[in-house]
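Paired with chain B in one complex and with chain C in the other, chain A is shared by the two complexes that follow.
Presenting the complex of A and B:
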């Protein structure tokens, strides 16, 4: 028997599009029951252009090669005690936030793409979603493996998936993805494929991966490189989704615009966590959040939306608000976590003097005026042995679930309050963007599982905060939480490097 | 606008109905221009709580860590209840004067503008 080697084009056709068939004894709508209810009109799936040509066999081969290299570096990192070579122990708190907040989203993206891929009548879209679903599964696995080494030497990493489902600040990323996954397949594709993977992804991955590179974290950097080619594929899928929907039918345009508005806003709110990570949690800073936002959203996103204008698509509503907020959100988010770090599974701290100076330089219009006095006051309280912790649970936004720490851009000293009434009950929001999202689909967001309200209803392990934090969240109290200075993390780090702790220094100085 | 859903009659259960709070209600309190407290705070309070208790116990418990708290002239405080100007009656309960489930009580302290006037 002679074997004939297929050329790539034929192989791709046979292994993807040719696997499809026309249903003959079942109705199309019965097979793809979710294709119409969102109002999206698809007239011709064959117009879908495959954003990348990759067959399953080459996918496995390619990914296996990357994994081999990746795990060799993880081994080397572990054998060389790589955890001792990061800039300082504060850095690892960024890793804790990533593992508890972001890695479980990779898993959500895995199940999400598997689920929506099943719902698309077009085979090209189905295959692309299948590939992305597998990528996301690989990402969550490799991230866990990269960070598991830190779990041996630092606190707060031991129960990341349990925490993701329960801890108050992790309800922010969790509810973001729950919202997307409980939407229809096309909204999910726009929310995650376009708004998140295309418009905002650089604001998530570049800061974390460059942050790792700048702070001696080889394991995480290597994961980043390994994921990079996948991310490029995800971006092309996101772009194809939006172009395809907009070209299929003019009635799709207003629906897609509304999704862009919604998911841009939800995305920027969630990226507040990244903003504070960049400006506060990296001992060696890469760039400020403000600079990253200017490069990756204002410049790159601006060019993208110029391209999309020919379809009638405009910049996301509230893009202007987000642009004004770039001078504030990282400081406001760090304030929130500084207030409530006794209820968090990572540590916070006040910036050192040179770090405050860096913030003053990077935020000339806002840092000295609004934030530096607050931070210096907190630093003085800590020096006096009275480190500030907020004794009362915060009010949360019904939509993004972040404590109401954002302020009016017309007067940044005033909390931004927005309110709606639905079925006789008041609902509260941090912004016009979050209020709009609620007002359009109140049936959905009245179901928000707001951690503060759930604690008060008695659904989180009891009335005493120790029970909520220790039993229900599984935070090791006095170990995983509280101020960085004086933490077991800091103590171990100082032992490895024969350093004095800040407390010892203070004792000597006074 | 109704939510797009795969069922025609989709409705969502309100998770924070007042009945879910065991006879209590949620009340939010914010001190304007004092962002040392990063966000307004949420209390679980009985509706028959006298406003005087809110003033003498609840609010100090939440905000007294601020160095300006002791300087507040309570006669000059400007109150907002759900965005409307409001003059609390310390002798009456919160429910009697319109503080409902998930109401927001804001108080402004003219002349006290936070740490070094920064709104903190």
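Presenting the complex of A and C:
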């Protein structure tokens, strides 16, 4: 018997073609019942090609190698009290937002790809979904492991999964995935493979993670880059899905374009959280949100859409709005969280003077004009012992579920506000992009579980703030929430480093 | 022509891969950022197994790139001998 070593192409062909079989006693449509209802036409599944030609033997081999490297670093981080070596305790609040907001999405992606993979008649697509499903499970597990170490030393990380399903701002990422997973299999593949992987995770896992490294967070940068090495594969697959669908049938082009428009906009809105993590939550800054957006969306995304132009695909609708908004969204998001940090499981603060100066430099057209005066005012209030908290509940966009804090790009002092009527009821949106998404499928989005509505309807633990935040959300009040200055996190950090808090200094001086 | 790009973790193994990429793609730009190395080029980038093996002084499979890879942009084609990134427009 010969033991000839197969080359990559042969191995991949044997895995994705030779292991498949034609059904003989059941109808194809019975086996793959979801393949047609979205209007997508597939004429030849055998045209599906994974450019990496990854087979299971190499998949396990290289994933195992990645894991070994990763866990060696987690061990080193924990053994050497790595939590004490991050730039300052404010940084860890970005990690809290990551664990409660992003890691559960990895789990959603894991189950999502397992379900979707089952629905594709092509074996190449099924294998790709299977590997991605396994990758995503690895991501959620490694993220929980990495951040469990922070949970021993900082507040707000203890109930991330419970919080993800309930807390108001976490409904933004949660509803993004719920929307994708309740769509058809092809829409899901475009939503996650393209919008989530190509546009979103690149911004979260590359410049933000590089920033984590710059802030001394060895554990996070390592899981981030390790996860992103899988994402490089997912992005490539996302691009392959799009090309495959466009090449299969011209009728697929307008459907794919609509999904690109929709999911680009949904992704852009969700990225608002990452924008503020980069501009406000990294004490040592590598690049601004604006710069990251230019490299990873305008440049990389622009190249992609130029490449897809030959199929008749255009830049996503409202890409121009998103480009204008890059000068605003991080400041607007940070303002929202500063307003409502008593209802959040992490702390916020006003930037220090040198940080304000950095923002002025990075955002020369907008920061001093629209945001710095407001932030200086809030800083003065805090110094006077009247730290500002907004006691009312915000109005939410029916589609993205973000509080209505975005403004018109034609006049950034005006709140951007749109509305639609459906079956005699009025619905509210933060943007044309979100309104369009609703108007195309109103019967879907009227069912949105909007946290503020749910609180007012009495479905979130009770009428008092303490019932909602403490009982229903399980935020440890006075510990996990409120201003960073004066928090138990800050106090512990100061003890480790023999620092005095501003309050203590004041006390001693008087 | 648009830029294709590749980012690698900044570590010992990657340094050899970057050296190989620089040899095979003389016009490529290499940018060092915290914990990562970004390599970009107009239209096309190639990573050749033979050149990397030559730099490392040992056998190296193209798929081992994934261990140090962070992200990439461009149409991918991978064989036993090389991985290439291209944009068609």
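Please note the rule applied: the second predicted complex is superposed on the first by the 487 of 510 C-alpha atoms of A that agree within 3 Å, B and C clash if a C-alpha of one lies under 4 Å from a C-alpha of the other, contacts with A are read in each partner's own complex, and residues count from 1 in each chain.
To be clear about the criterion, a contact is a pair of C-beta atoms (placed from the backbone, for glycine too) under 8 Å apart; a residue touches a chain by one contact, two chains touch by 3 or more.
This structure is a prediction, so every number in the text was calculated from the model and none was measured.
Asks: Using the superposition on chain A described above, determine whether A:69 touches chain B (first), chain C (second), both, or neither.
Replies: second
Asks: Using the touch definition from the top, say if A:151 reaches chain B (first), chain C (second), both or neither.
Replies: Neither partner.
Asks: Quick one: is A:388 in contact with chain B, with chain C, with both, or with neither? Answer first, second, both or neither.
Replies: In the superposition, A:388 contacts chain B only.
Asks: Tell me which partner A:213 touches in the superposition: chain B (first), chain C (second), both or neither.
Replies: second
Asks: In the superposed model, which partner reaches more residues of chain A, chain B or chain C?
Replies: Ranking chain B and chain C by residues of chain A touched puts B first.
Asks: Using the touch definition from the top, say if A:51 reaches chain B (first), chain C (second), both or neither.
Replies: Touch status of A:51: second partner only.
Asks: Would you sort A:304 into first (chain B), second (chain C), both or neither based on which partner it touches?
Replies: second
Asks: In the overlaid three-chain picture, which partner chain does A:335 touch, first (chain B) or second (chain C), both, or neither?
Replies: first
Asks: Touching chain B and also chain C: which chain A residues?
Replies: In chain A, nothing is touched by chain B and also by chain C.
Asks: If you look only at chain C, which of its residues touch chain A in the complex?
Replies: 2-5, 7, 9, 33-36, 62-64, 66-80, 87-89
Asks: For a test of understanding, state which residues of chain B touch chain A in their complex under the given definition.
Replies: It is residues 1-6, 10-18, 20-22, 24, 26, 28, 30, 32-33, 35-44, 61-62, 65, 67, 82-83, 100-104, 106, 113-116, 118-120 of chain B that touch chain A.
Asks: Please give the residue numbers of chain A that touch chain C in the complex, ascending.
Replies: Per the stated touch rule, the residues are 7-9, 51-54, 58, 62, 65-66, 69, 202, 205-206, 209-211, 213-214, 221, 225, 228-229, 231-233, 235-236, 239, 286, 299-300, 302-304, 306-307, 309-310.
Asks: Of all residues in chain A, which touch chain B in the complex?
Replies: 33-34, 37-39, 184, 332, 335-336, 338-340, 369-374, 377-378, 388, 390-396, 403-405, 407, 412-415, 417, 419, 422-423, 425-428, 440-450, 452-454, 456-458
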